[in-house]
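Please see the structure below; I have some questions.
Per-chain numbering from 1; labels A, B, C and D assigned in written order.
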Amino acid sequence: MSFAALDLVPLLAAMLACLACGLLGNLLLLTRQSLLGDAVSHAVLPGIVLAFLVTGSRDAAPMLAGAVAAAFAAALLVGVLTRAARLSPQAAMGIVFSGFFAVGVVLLETGVGRRVDLDLDHVLLGQLDTLVWPAATGWASLLDPDALAALPPELLLIGAVAVAVPLLFAALWKELRLLAFDPDFAAVTGFAPRALSALLLAALAVACVAAFWAVGAILTLAALVVPPVVARLLTRSYRAQVLVSAIVALVMGAGGVLLAGVLPAALGQDWAVSGAGMVAVVGGVLVLAARLAARESG
Amino acid sequence: MWEALTFQAGHNAAVVAAGCIAFGLAAGAVGCFVLLRGRALIADAAAHATLPGVAGAFLLGLALGLDPRALPWLLAGGGLTASLAVLAANALARGGRVKDDAAIAVALSVSFGLGAVLLSVVQALPVGGQAGLSGLLLGRAAGMAEADAWTMAAVALVALAVLGALLRPLSALLFDPLQASLAGLPVKALDVALLGLMLLVVLAGLPAVGLVLVVALLIVPAAAARLLTARLPAMAALSAGFGAGSAHLGVAISAAAPGAPTGAVIVLVAVAVFALALLASPRRGLVAALRRRAALLAAARAAAR
Amino acid sequence: MRLIARRALLAAPLLAVPMLARAQAAPLVLATIAMIGEPAQRLAGTAARVETLLGEGVDPHLYRPTRADIARLLRADLVLYHGLGLEGRLRDAIGRVAASGRPVLAVGEAVPRDSLIVEDGTPDPHVWMDPTLWGIAADSIAARLSALRPAEAPAIQGNLAAFRAELAALGSWARAAMATIPRERRVLVTAHDAFAYFGRRYELAVEGIQGISTDSEAGVQRIRDLVDLLVARRIPAVFAETSVSDRNIRALIEGAAARGHRVVLGGSLFSDAMGAPGTYEGTYIGMIDHNVTTIVRALGGEVAPRGFQGRLAA
Amino acid sequence: MSPVPVALPLPALSLRGLSVAYRTDAVLWNVTWNSPPAGLVAIVGPNGAGKSTLLKAALGLIPRLAGEVRFFGAPLAAVRRRVGYLPQRAAVEWDFPATALDVAAMGRYPRAGWFRPLPRAEREAALAALAEVGMQDVAHRPIGELSGGQQQRVLLARTLAQEPDLFLMDEPFAGVDAATEEAIVGVLQRLAAAGRCVIAVHHDLSTVPRAFDHALLLNREVIASGPAATLLSPENLARAYGRRMSA
């Protein structure tokens, strides 16, 4: 039972999810919205339940669409509340995600009914460690189309997102930097900050939901905030911030999966711990190390 | 519905109502100060940060031969890790390079991850009685027992007493932290006291009403109160009132409506109260603003011609 | 730390026969839940080694498999899982294992569709609560094991016949025991909706405080309705479950007490998980026996205190 | 900078019936005013007069209740490249990971347009703009480590890098040291000499007659506008500041 069959996909999924969310996390960090990920993770429930009520089906596509719509709506509402009620972003997020989650629970209980086993964990929240690829016999399977066809769909989606997000950064490098630094100047010079912000929120919604579906909420929340914070502690320029956050994301993703299961097995142990949880813990260690390193350099 | 409002809808409804009202009172009051301190979501981080403590306590209890499922023991563990997470967030943010919200987000996600790791260890152990361990964080208001209600009442009393005693120094701190520290106020001690109260509310609330309701009642009533008044004592009282009111109305509605989950309904009522305050408040409300703005618009256009 | 692998071996009643003496190592069969694993081991006898993924008291709704669990899935020569949505995302992994050609069997889905309890197109997964339906599941397990070890087919069929006989005896004993419960008290109130099939089989009204998913949230009205039911029907006991928190159940007891009707906690039933492996309650027959005995005694019926075969723990 | 000052007939900025309300209180009321085509214009008035609001509303950064805004006779969108904006220094996030050159280069973004990375030539132009305000030595220093005066000059360099015909500056002299103030005055004079129009929100009345050609005295409404030398007469000042005291 080869490495490719058991560990390759979780390893890739964790790294790709961390990369996609880590990059977007930079813009959240620089605009004081790091907690948006946490809000989104609570806010997706009504989207899923509505998707189930409308389509009556439990398969992934409608649920993911519902979740993305709910995430986008929640993020927009946080912005509106912050401006209209002059609330701090944190308070606005707290109100929006509590409200969305409560609507989701009420819909679940009254609309879906008690007899249907539709809870968030089974439908949306993926489990990193279950992303096995039994069709793989070894590294050669990476080239074998039949084996590739049997790859878990969760990996394909988060893989697509993990390609799209860096492309988005590359294409709109200076525009996103200007938006984060000085939206007013962006408006005056015609770089449409409102449209760009909406695009970013959409990208965040898709990235979060794809990551939830592949690796679960725990890893996604850590991926959104740890790489940017570590990069923030270690670098002084925007380019370095983005590059270091990407590296930290990959290290964190790989480190977590390897430490959680691959290493114990290599040492002949027959137990393993939660891969997603370990990715977050490795992230925590990286933050601690960066914080100590940053203190020395003054 | 009416009988539920007057505590005649059966013992359980009365106990749940009393418990939730007391909790709403405590959460509203404490939440007001936490909101003004600009750390609204610290409660969400603290709530998530109890998970490793609960799982850790279960494992430790097992190793020490204690009863690993004793609630006080598990909550002690949860309280410990939640406090550590809050302190870690403060330490991370102290450098200045990492802002408060990012530090809270790191503390939240890393402790959530550590909790998942420890839970996976618990799950692998061939021991029974881990039923509902993670369910501890997803307490349900409707399942509240009389003992829980008394705990809530005690928490409310302690919270109101401490807030009452510290009202003047706390309001000085919240008004202008710099000025307060210059004036020799023990800013650090006050902060710790406030966070301690927040933790008390979180730890009492989690097993009884669940994570989302705890976070919601610590933020939403306070935000609504802030729309209606600027004076701190009035705001805290109003926030406590909104918290208790939302709980009372929420329980009544859930007692009357078939299948309506009590905790979620309380949250929806609290959000509705906020929405009403947002629309209707004379000072900062939208309706008043829109009306006046329309008048201004007309006048401005007339002047421009 | 993981004792499950060794413990499952201990659970095999026929341990006396040394495994290693066999020329060819017995194939490894992996079951997801104990309600499948234990009977499967009994049917396999020495033909195969059966391990169970979910430990004692682990709620399948909240179960998070780790890499080690998944490695066992891939190592297994045959995977027996329940299906009907019980195992959540683990089912996707098992689906991929099957797609790669490894033998896999959805035991719960072997039961004919029309005898399942279906709501809004979604079947209630707790099929094992009905021994008769679980006999059909056992047939499919035995057939699959025979296909795995044709040489051992006769022995397997023998074990099946013995198991079916014991099931039949258990079933008639249970029906008789249930009949002793006064008619108006035949109401089973539990923490969550896991006993629909059990209630249908033994003509027992079944009410769970929470829905099928342990994530669902009951409302105060649900609690009040159940208290009314308890008081109206003078029901003497309600039941907790080993794999679910008993908070809601205690609230019911308090509610009824406030109405002057004393309700006791009739005991802790096995719903989504069985007893400790190696014990009688850790077997499927023992689990049903425990549940029936506990329910009948608590609801005022007559049944031997040590249950169907006198093997229940004191 | 083009050497020959071309006399353009159109006012650089013309406002007609501009009214702005922040939530419910009117901050600007029915402001009709035309700036000269070129030269140094100061917008002065008491605190809360709506000076900064006027700039922001003109640039569309905050919603207008009513009124028309024209830049060189055209809406902003048509002449974006000709309009430069210098925001208040305090409104900028100086903790952002960027160097002085990074910020100055933002002034060249419109020339690069969407999606394209900033060409080397544009970065050189940004460096030149930094040189104009004497900031070329700190080009690669993170902006968080610069002094208040240096930060103000970096922002000014960004606006210079835009090479606009009209500069809208929000409190360019606020909180800067003497050397910076002098440097900025020098830049403004060079811009005026080159035929550009600079409209600056300014709070220090004493320097207005000397440093500026034209002035607009504002207190939510236009109090008076005209040549800087004569505008600040006691009556005008009383009407602007007097009313403010009694209001």
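Quick note on the criterion: a residue touches a chain if its C-beta (ideal position, glycine included) is under 8 Å from a C-beta of that chain, and two chains touch if they have at least 3 such contacts.
The structure displayed is predicted, hence computed values, not measured ones.
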Requested in this report: State which chains count as neighbours of chain A and simultaneously of chain C.
Outcome: B
Report summary line: The pair of chains with the most residue-pair contacts is A-B
Report task. Find the chain most remote from chain D, comparing centres computed as mean CA coordinates. Result -> C
Report task. Could you tell me which chain's Cα centre is nearest to the average position of every protein Cα atom shown? Result -> A
Report task. State, to the nearest whole Å, the distance from the C-alpha centre of chain B to the C-alpha centre of chain D. Result -> 46
**Report entry** Distance between chain centroids, defined by C-alpha means - chain A, chain B (Å)
**Finding:** 26
Requested in this report: Indicate the whole-number Å distance between the mean C-alpha point of chain C and the mean C-alpha point of chain D.
Outcome: 76
Report summary line: The distance between the C-alpha centres of chain B and chain C, rounded to whole Å, is 39
Query raised in the report: Which chain A residues reach two or more other chains?
Result: 105, 109, 113-114, 232, 260, 271-274
Query raised in the report: Could you say which residues in chain B touch two or more other chains, in rising order?
Result: 97, 116, 119-121, 124, 257-261, 263-265, 284
Report task. Please set out, as single numbers or ranges, the residues of chain D touching at least two other chains. Result -> none
Query - Graph class of chain-chain contacts, one of line, ring, star, complete, other - result: other
Query raised in the report: Who touches whom among the chains?
Result: A-B, A-C, A-D, B-C, B-D
Report summary line: Listed in rising order, chain D residues that touch chain B in their complex are 16-17, 19, 21, 23-24, 26, 29-30, 32, 65-68, 95
Query raised in the report: What residues on chain C touch chain A, complex-wise?
Result: 1-2, 5, 61-62, 64-71, 73-75, 85-86, 88-90, 92-93, 96-97, 99-100, 102, 119-122, 124-125, 193, 208, 210-217, 219
Query raised in the report: For the complex, which residues does chain D have touching chain A?
Result: 56, 59-61, 76-77, 80, 83, 85, 87, 91-93, 96-99, 102-103, 106, 109-110, 112, 114-115, 117-118, 142, 144, 158, 162
Query - List of chain A residues in touch with chain D within their complex - result: 30, 171-175, 177-178, 180-182, 184-185, 187-191, 232, 235-238, 240-241
Query raised in the report: Given the complex with chain A, which residues does chain B contribute to the contact?
Result: 35, 38-41, 44, 91-92, 95, 97-99, 101-106, 108-110, 112-121, 124, 212, 215-216, 218-220, 222-223, 227, 257-261, 263-265, 267-268, 270-271, 274, 278, 284, 286
